[in-house]
Amino acid sequence: MIDIRTEIGSLALNNPILTASGTFGYGDDLPDYVDIKDFGGIVTKSLTRQPRDGNAPPRIVETASGMLNSIGLANIGVEAFIRDKLPIIREKETVIIVNIAGSRLEEYCEILELLDGEAGIDAYEINVSCPNVKQGGMEFGVSCPHLKRLIKALRKLTERPIITKLSPNVTSIEEMAQAAVDAGSDMLSLVNTLVGAAIDIENRRPILSTIFGGLSGPAITPVALAQIFKVYESVNVPIIGIGGIGSAEDVIAFLMAGASAVQIGTMNYRDPGIGLKLMPRIEAWLGEHSIERITDIVGAAHA
Amino acid sequence: MIDIRTEIGSLALNNPILTASGTFGYGDDLPDYVDIKDFGGIVTKSLTRQPRDGNAPPRIVETASGMLNSIGLANIGVEAFIRDKLPIIREKETVIIVNIAGSRLEEYCEILELLDGEAGIDAYEINVSCPNVKQGGMEFGVSCPHLKRLIKALRKLTERPIITKLSPNVTSIEEMAQAAVDAGSDMLSLVNTLVGAAIDIENRRPILSTIFGGLSGPAITPVALAQIFKVYESVNVPIIGIGGIGSAEDVIAFLMAGASAVQIGTMNYRDPGIGLKLMPRIEAWLGEHSIERITDIVGAAHA
Amino acid sequence: MSKIYLEQALVYSNDEIAQDIFELRLETPAIASEHKPGQFINIQTNPGGLPLWRRPFSIARISGDIIDIIYKVIGTGTQQMAALRPGDAADIIGPLGNSFSVEIKSGTIPLLIGGGLGFAPLIILRDYFVHREITPVLFMGAVTKAEHYYLDDPQAELMLTTDDGTLGHQGLVTDSLQRYFEDAAGHQRFAAYSCGPEPMLAKVASVCRTHGIPLELSIEREMACGVGLCQGCAIEQLPPQKKYALVCKDGPIFNAEVLAFTDHTGSSND
Amino acid sequence: MSKIYLEQALVYSNDEIAQDIFELRLETPAIASEHKPGQFINIQTNPGGLPLWRRPFSIARISGDIIDIIYKVIGTGTQQMAALRPGDAADIIGPLGNSFSVEIKSGTIPLLIGGGLGFAPLIILRDYFVHREITPVLFMGAVTKAEHYYLDDPQAELMLTTDDGTLGHQGLVTDSLQRYFEDAAGHQRFAAYSCGPEPMLAKVASVCRTHGIPLELSIEREMACGVGLCQGCAIEQLPPQKKYALVCKDGPIFNAEVLAFTDHTGSSND
């Protein structure tokens, strides 16, 4: 029997595969062939204080082994989430991580305070890096002092684990990681999307209505692995790895690079049943390599 | 007749397609089916002051729609280049751009001084962003003051056009672009490779001997387009676009995003005859769209 | 909402029925029995490889356990589909999306107006009505004769047009529709359904609005997920509707009056 | 250096000759006439799609205008190759790299030592010698019988081994070589050539060194370009050679004594 359970800080997961924010809705309204129990946990779509319609279309573009999105944080808002979604998903046998986003520090704080009064939330993931919303939010993801201020403020408001989701679009990911940890972040998740664009050559304009969007999918996996590898060597908190994961080998590579758990985003789209498929393959691989606990390979690629 | 000639600063090119540094050797020793005249110009492998063996293998990894390399600037050194290569390539009917790299400011200056005494060089491209050499050089690519100091020093030494090749691994590409232009760079080329890594899960270690390498190929095209789009709006010098270009549509997209010319790197490997193939297709596209001069579409995607 | 299945469907046949237009027949009892007219499936054309996204196609016909897809080869994904052989497996998700409003008052004549490939989802609607002994009028336009794959219908009225006049009336399908209304002299009840390029849909909407005829449109958007998870396939709606609807989940069938693009009547570039 | 061609070669045949092992025969007069034993071609297995890099394969045989490639299906690229059908075009570059030293003193016996797929480039060398009425001794090892595709050679001496004893001698190909030298009692002149997994090559090098026999190795490395442009395929050499050679251009054939990895004699993990 191979032990595929893992822990990220104080959170016990049945397996290390989580869903990535924005790629699984709120976890309540899934195709019938998806069983939420196949995932170690789910991360909700980013919630903002008020509902948001999101950006004008076109919002997505397929690129080489990846995609760009500029959804613009379309979401139902934190209050509707608490009222309509949380009662449903808190009944499910999985870990619930609520992702929050804002354009001002106060907005993040308000959202977190509203959520912290509710049962059934296991942790918060703080989206400081959404590159495709005009009204700010982005400075938290690319400036150490801003990030520190934000996480410190949130830290004061909750006992629940805080996961800071880092932006890859920075000169030094180690500095951002250090800032988040210094401010009291219990864990880090990385990476969010890379800033990218695509051109509609027939109409001579950017394809996305917002010009820039976030690049995700297998194309970015090498960038994610490099940043996780660096962060693992520079701070001492659990890392959740994200970036184009779609196979058992990918999951193993992310764990070896230093992630304690992973999130699957873009590859969920092709295959929302992916949680169900990957874990047995990972178990088989561990078995063939006589590895008894999945946690044994975390960070194994570091000398 | 469609006019496919273009100008980048004072350089007149027969067509806007150049080869990218490190992907075409020194231009002297090419497979027989490649005709250097098919390219608007060639950029040499980065030259250092002394010859370099390069990094230990493994040096390359194939990734999703891309590749990682950590060649480590393996090159014959500037003196051997002047002695053995330049006499051959200066005879060819194409524009010759010599790429130089160093680990200290003085090294860059020495290389440029040696080259500046020689006839047959049309411009210098300054590699400030090679992410896979241990002994420095990288700080020039990620710090505005360092970059400014370097380009200023080089500017004093030559009348020939200076092209600063920017690293995409920064928080603000606009700031780096501005720094280079302020220091006297005549043009900019972007992007160099993104920092990435890959894991050998069987042997539980990074695949590349240097852990990190540079990601290139179609995977990075959206990142390159976004950075070119931004730089085009922030500085007023010609841009040479680079990043995964492999089709006529790619070239057109890069020009519309703001590049006056492009370089082809990784896709040369699959098809060293690519210069020959793309230009007729681009001409046909321009013809179908009743565009008479290729320069008419430069920056066309900007409102 | 119908139940959604993720299936390895058996390819029954895959034949070229007009220039670059194929009919793919898939054996999938679950989807065949669950589907409603107007729904679509999402197919992984190269499992494990590129393209990354699945590709959406309307269900064009059902016979027993078999669903038919009629598709045009336009890019990588459809090229890969064209290589499917009988006996291969096709990785599909479906049935997806909402469906046409098929409950119409007795005496109402269904008008099915399709442009090019946009005719595929109307075929299943035609079958639905014919099966219930309602005779629809089919308007079908294409650029040229070679692209017409629905040439004959003994159980319905069929009006063919081509841009170049190589088959049926020369002109646009909307011209044909306009002429039909003129002849019909306005004293019948109609329900219109249309699918095709959006400039055409806008024009159909304008013609139907003029004649006070309810119209449902089948809309296409690029889709990353097809199941409402990514919010990528947004389409703008008119107030008082919510600003954006998801084509994959709230659609692909929309009442013409709720969509923003049909509001620009008389757009001339179809 | 021979001239290098970029060609759309016609697939003449592509048959499975052992478990997961295929023989691809390509019509390419230019490459066929220009090649030397030990050279390779680089094939684009999915033009325009993934994998991104071409895949290198030794030329295993030449007959007239046709070159043969013997390959094992191990990943995406070779899977795509297995789907090639007679009449298809294959996008290849070649002939690439250097070649074996085939000029040997009269009376010298060529020893050709291959492990698994590593036998492919030795077949063309065998043909070269046999054509010149020199009888080589062939040592060929595989894991099991099903993977042996070169079973019989009336014009050469053939020693087969399998790890599991299902064909020929049980054991490693190096055991077989060792035994051969013991029997030959050292008073003949030999020239050895080998290709296969690197732990095996290291062992072959060690055996040959002990017996004072010159040895050339055919080396494999992942290649981005195959023509010396990327410097990706570096292999470490021993002094006084330059530190790194390029397998695609300086190789794929190397004298065993110049390479660093064969210096670690007695590595036991083959």
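As written, the chain order gives the labels A, B, C and D, with residue 1 at the start of each chain.
The criterion applied here is as follows: contacts are C-beta pairs under 8 Å (C-beta built on N, C-alpha and C of every residue); 3 or more make two chains touch, one makes a residue touch a chain.
Just so it is clear, the structure is predicted and the values come from calculations on it, not from any experiment.
Hopping across touching chains, the smallest step count from chain A to chain D is 2. The set of chains in contact with chain B as well as chain C comprises A, D.
The chain with its C-alpha centre at the largest distance from the centre of chain C is D. Our note on geometry: chain B versus chain D, Cα centroid distance of 36 Å, whole angstroms. Rounded to whole angstrom, the centroid-to-centroid distance between chain A and chain B, based on C-alpha atoms, equals 34 Å. Taking each chain's centre as the mean of its C-alpha atoms, chain C lies 56 Å from chain D. Looking at chain A, one finds that residues 61, 64-66, 217-218 touch two or more other chains. Touching of two or more other chains is recorded for residues 50 of chain C. Viewed as a network of touching protein chains, the structure reduces to one closed ring of chains, two contacts apiece. Contacting chain pairs (ordered by label): A-B, A-C, B-D, C-D.
Contacts from chain B toward chain A in the complex involve residues 61, 63-66, 68, 142, 169-171, 194-201, 204-206, 211-213, 215, 217-223, 225-226, 229, 244, 249, 252-253, 256-257, 297, 300-301, 303. If you check the complex, the residues on chain C that touch chain A are 3-6, 44, 50-54, 93, 221-222, 224-236, 242-244.
Residues 49-50, 76 of chain C are the ones touching chain D in the complex.
Within the complex formed with chain D, the residues of chain B that make contact are 22-25, 29-33, 53-54, 56-62, 64-67, 69, 71, 74, 217-218, 266, 268-273.
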